[in-house]
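Next up: the structures, one after another.
Common to both upcoming complexes is chain A, partnered first by chain B, then by chain C.
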Partner chain A sequence: MQKRVTFKGWLLPLLLVAPQVVVTAVFFFYPAGQAVWQSLFIPDPFGLSAQFVGLGNFEFLLTDPYYRASFVTTGVFSGLVTIVSMGVALVLAVMADRLIRGSGTYRTLLIWPYAVAPAVAGVLWLFMFNTRVGVVSWYLGQLGYDWNHVLNPTEAMGLVVVASSWGRISYNFLFFLAGLQAIPRSVIEAAAIDGARFWTRFRTIVFPLLSPTTFFLLVVNIVYAFFETFGVIHTITAGGPQQATTILVYKVFADGFVGQDLGSSAAQSVILLVVVGLLTIAQFKFIERRVHY
Partner chain B sequence: MKGLFLGSAMLASVAAFATPANAATEIQWWHAFTGRLGELLAEQVAEFNGSQSDYVVVATHKGNYSETLNAGIAAFRAGEQPHILQVFEVGTATMMAAQGAIKPVFEVMAEGDAPFDPDAYLGPVKGYYTTTDGKMLSLPYNSSTPVLYVNRDALAGAGLDPDTELATWEQVGEVLDALKAAGHACPLTTAWQSWVHLENLSAWHNVPFATQENGFAGLDTALAFNGPVQVKHIQTMGDWARDGKFIYAGRRNEGGANFRAGECALFTESSAGYAGVKAEAKFDFDIRPLPYWSDVEGAPQNTIIGGASLWVLAGHDAEEYKAVAAFLSFLSSTDVQAKWHQNTGYLPITLAAAEQTRAEGFYDANPGTQIAGEQMTGKAPTANSKGLRLGSFDQIRGIIDEELEAVWAGTKTAQEALDTAVERGDALLRRFEQANR
Partner chain C sequence: MATLSLTGVRKSFGATEVIHGVDIDVAEGEFIVIVGPSGCGKSTLLRMVAGLETVSSGEIAINGARVNEREPMDRNIAMVFQNYALYPHMSVFDNMAYGLKIARRPKAEIAERVTEAARLLQLEPFLKRKPRELSGGQRQRVAMGRAIVRQPDVFLFDEPLSNLDAKLRVQMRLEIKALQRKLGVTSLYVTHDQVEAMTLADRMIVMNEGHAEQIGAPLDVYERPATVFAAQFIGSPSMNILPGEGAGDAVVLGNGARVPVAQRAEGKVLLGVRPEHLVLDPEGAIALETGTSEPIGALTLVHGRLEGSTLDCVASLPGVHRESGLPAIQRFSVPPGLAHVFDAGNGRRLAG
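Moving on, here comes the complex of A and B:
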């Protein structure tokens, strides 16, 4: 049984949590409430008039096959970004953890990409893969592969996944490395003495002990893929070709800021809020059970 | 922060002392130009500010066209709107529908006693920004129209006569065959596919892009660009894409880099692309009118414009609107317009500016630069070639881009793609109609 420390009376505890409640109310509940309210209207862009449509905006969205397809696109995109960025980071962290000499330099170099803003990263990758003047696409052409992410949906998806994962690898690497270094050496040495080879030690000891870090990164990376990859997609594909890379957040932007359709945009952000909420609950309910703290 | 505060306090006090009894009226102009165009714009502002002492124009760059429009809208909602906002042509319907947010240019000019003759402007340019009963709502500023750029060296390299006729798409098709047979990697590319190959194609062949006079006659307009002329053109382009004769480079003007680098032989792009091609092309090029299909009756009609116009926003003092009127009439004066036209490749917006440019011998020294103007004014515009006035048009263009990409990739036929684009676009038009009821 945990020992519970309780306050006497209500005033002090309320006072102590008040700042947090106020901040959450002002910066989260108020804007979220506004979004919910606005999602019930079709306003004109200048805010001169608005018409109440009830759930009309939601009906308009959910009957739109392109909006429904955007859910699948978002799922594929976030899944791939999470797997690629966490997988690569884990491999690099395991290798960096075994390094004795030069590990400082190696780590510093690996952290650099994190300092590059997503939009800039997008432009960098776009340059390399530009269908006509890109270095990489030129080499691919020499090998007989005709790279064209402007028309090919699979290649476009691949490119935005790589560009989004690239900067994220640094972030994940940092956490994995810290996690690895927190694992007591004695446990690993004991296993080594018992005859466990590297791969067995990794599978049965290191990876399970790393699970809190992995779980944390899983949540954070999915949220990243959902919300913060906007810059990359905007610069590389602008959601194309044919909506192949239009994730939910990008559609909120496209409809709200390009299309001036604020009602639909608000309804989409409400849907997005619900989706991410459900996703996080699911993660904590089903995956966290398997995490060893 | 403290320094900043101190600095601004000092500035404020200096300003307070320095202000003469009759202070100059300051007006704000938000625009979307950078680079060379931004410099030319700044020159215009400096010239106006230097030419008189009553008014001061302050020009501010607010990002690309979409961002500038958004900045204007957001500022209006916050009550901080500029006096003049540069809005691209696809935002026209949005602005027109915002009755309470704009002050029509004809009204500003009349109240400001500025000399203003709507008939001085080129018909097709004026028509885009004028109501059906002839009232000009915004001032055309930068307008261009699509033309065909030809890499003469590439034609010669394929054993073709560089002067070969390219007036019709049938002739273009033959040249593409020859280029392909000679092993050319990029016979044809384009910029702004929807604008050139659907919007202008429709006007050029005098077929409707949308019902209700392309949206001029009412918000209850529906898209109509899935007719036989458009389907035939897009299907032909799709076949060319499949055969490697048409190379798709992107939704905006990505193809321009390929053409200027000498990789592509033919290029359909805005007349305003002239300055860039002239500066960069290391090959012999010329400009031809946009091709047309010879079997369509009435073609070629006239092409329509792209670009932007200046909108005056509501909610300012009469004195400030007087300043706006003075500035707008300065901008449409003949010298300013002629210079703008010659430096940028944008169309001259007044007939006088075109005449002056001709008289100065500019067209003789720069062959091909007159074609855009001729293409616009060759025939009196019809209901199908006045322009387009569609709500949510930026998004509809996005839909068209997506569906055209499906044709270029070979996953849809032109008919399927255009039917889908019409259906999806109509849904947006209905929402726009609802929002502005």
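Moving on, here comes the complex of A and C:
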């Protein structure tokens, strides 16, 4: 029986929730409200006046081919980041789960990259692939491959995907490993006795039992790829070349703070807010059905 | 239907040997129960037969063919686990059909065999349910069903009843026995419960600390335990063990009491007497300072101490005997053929 606390007055409970409410209000509700308000105006370049345009900013965005292209870029980017980071993490987790000796060391080492901030990770990868001084690009050059992510959109996309996935693999690995270890050993053994070899066991027993973890990670990783990869993209490509790596969140920044089109930038962040909201709803739905078997 | 034989089977984890050589030949259709306390190596032995643990030395053979190096799936065995190990995301039908599906049997045959097993185990109404929607006893039956649909050579049971409540355990015990008789499949059954061992086994292996203390039919083990351990582990309440000095046809206890025995007793010995073999006898050799008595209906357990010592001793008397109705010192005798004499040094039963 859980012991419930009953407050007599209303002052103390209000004070206890105040920090959360104040922080959320100042750093989320207020700017979000401002964004919604600003998205209805077009300010002049000097910020002295603003003209009300209603939904004009949105109308313009939805017909703008660059904005639509950015949607596609975001889809491709977050899809790739999710697949790469989850796929690699799953393979590593399955291998770590089979390991008896040395699994502690293996695990610790695999978790390290998670401690590296996205922007720092971006710089690391940038140095390795730098077209003039990068180690990897030099070796690629020796092999006869002329690496240049500054000019080649596909290579640029590949590089930001790899850099964004790298640290993420650690996070996913942790969850997958925990999920794998929660599967009773005897169930796997029963399947082995029933005649299922490793791959069949994985396909018919392990993966279905891991699906709550997979669903959770899927949503979390998509959200990550949408928003938290800003630092990586900013340091490596700054959205280029030819906007090939300009994902939605980067475009908000580029249009607003570089292009000084604050109305459009605000409208974009409102659209992103809606996308985030939908993703969060999806996430909660999946977490609710965590125990789905 | 198959024979199973273990020859000098040993198991080590690193430098620690946990099973010190077990030998047994199991006949076709025989029900063998491995019984022993936790940590005696009984489950490890079973898992070695299943192929879930490697064999450090010795040989395991099914139908005369060495299987040491074979994968579990290539041994044609089926196993029922303590926690049932059902596939939680599959229906009862799919759980039972899993092995057959992997063996790529025709759909019609799978359906027929699963339905047949379900009928046998009275699981027909539950075929579409998931394991979590079943009671403990039903899950247990599904685990059995999964084992029998594959028509294996050998059944392996790893404490299958220990997660059930007492009443269900008795019922399932009878069902397992009936099923095994009906199917006639060679079975190896691990338990720590001596009642299960006594009731199920054609022969049992009493294990202790990685040794097979005794292998034999339940009543033979009960009547002629080979070691003090086997004597105390089988039977409830467990056998009284009283140290004494052998005097040919009798054992002289520490307090000078002379208990006549049928074996030849020499040197330092341990006298073993089952509580149910102590009979009230005013002239008897064994005198107990009576303590608590526990009337449990048909019989009464009288706890006491051997007079002039600190040795605890239990007598199981027919009928009801209240504490107030027992004298402070109660004398008992043991029919000579029912007393057991063991060597005090190695705990082995003395010959004769």
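Assume the second predicted complex is superposed on the first by the 237 of 293 C-alpha atoms of A that agree within 3 Å, B and C clash if a C-alpha of one lies under 4 Å from a C-alpha of the other, contacts with A are read in each partner's own complex, and residues count from 1 in each chain.
The definition used in the following text is that a residue touches a chain if its C-beta (ideal position, glycine included) is under 8 Å from a C-beta of that chain, and two chains touch if they have at least 3 such contacts.
Just so you know, these numbers come straight off a predicted model, no measurement behind them.
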{"item": "Joint occupancy of chain A by chain B and chain C, clash or fit", "value": "fit"}
{"item": "Chain B versus chain C as contact partner of A:Arg197, first or second or both or neither", "value": "second"}
{"item": "First (chain B), second (chain C), both or neither touched by A:Gly240", "value": "first"}
{"item": "Partner with the higher number of touched chain A residues, chain C or chain B", "value": "B"}
{"item": "Which superposed partner A:Pro45 touches (first chain B, second chain C, both, neither)", "value": "first"}
{"item": "Partner chain in contact with A:Tyr66 - chain B first, chain C second, else both or neither", "value": "first"}
{"item": "Partner chain in contact with A:Gln260 - chain B first, chain C second, else both or neither", "value": "first"}
{"item": "Partner chain(s) touched by A:Arg132 [first = chain B, second = chain C, both, neither]", "value": "first"}
{"item": "Superposition-derived minimum Cα distance between chain C and chain B (Å)", "value": "52"}
{"item": "Touching both chain B and chain C, residues of chain A", "value": "none"}
{"item": "Complex contacts: residues of chain A adjacent to chain C", "value": "184, 186-187, 189-197, 200, 204-205, 208-209, 293"}
{"item": "Chain C to chain A touching residues, read off their complex", "value": "50-52, 71-73, 77-79, 81-83, 85-89, 98-99, 102-103, 130, 132, 146, 150"}
{"item": "Chain A - residues contacting chain B, complex", "value": "42-48, 51, 53, 60, 64, 66, 131-133, 150-152, 238-243, 254-255, 257-261, 263-264"}
{"item": "Contacting residues of chain B [partner chain A, same complex]", "value": "66, 70, 73, 76-77, 94, 97-101, 248-251, 254, 257-258, 261, 263, 392, 394-395, 398, 401-403, 405-406, 408-409, 424, 427-428, 431, 434-437"}
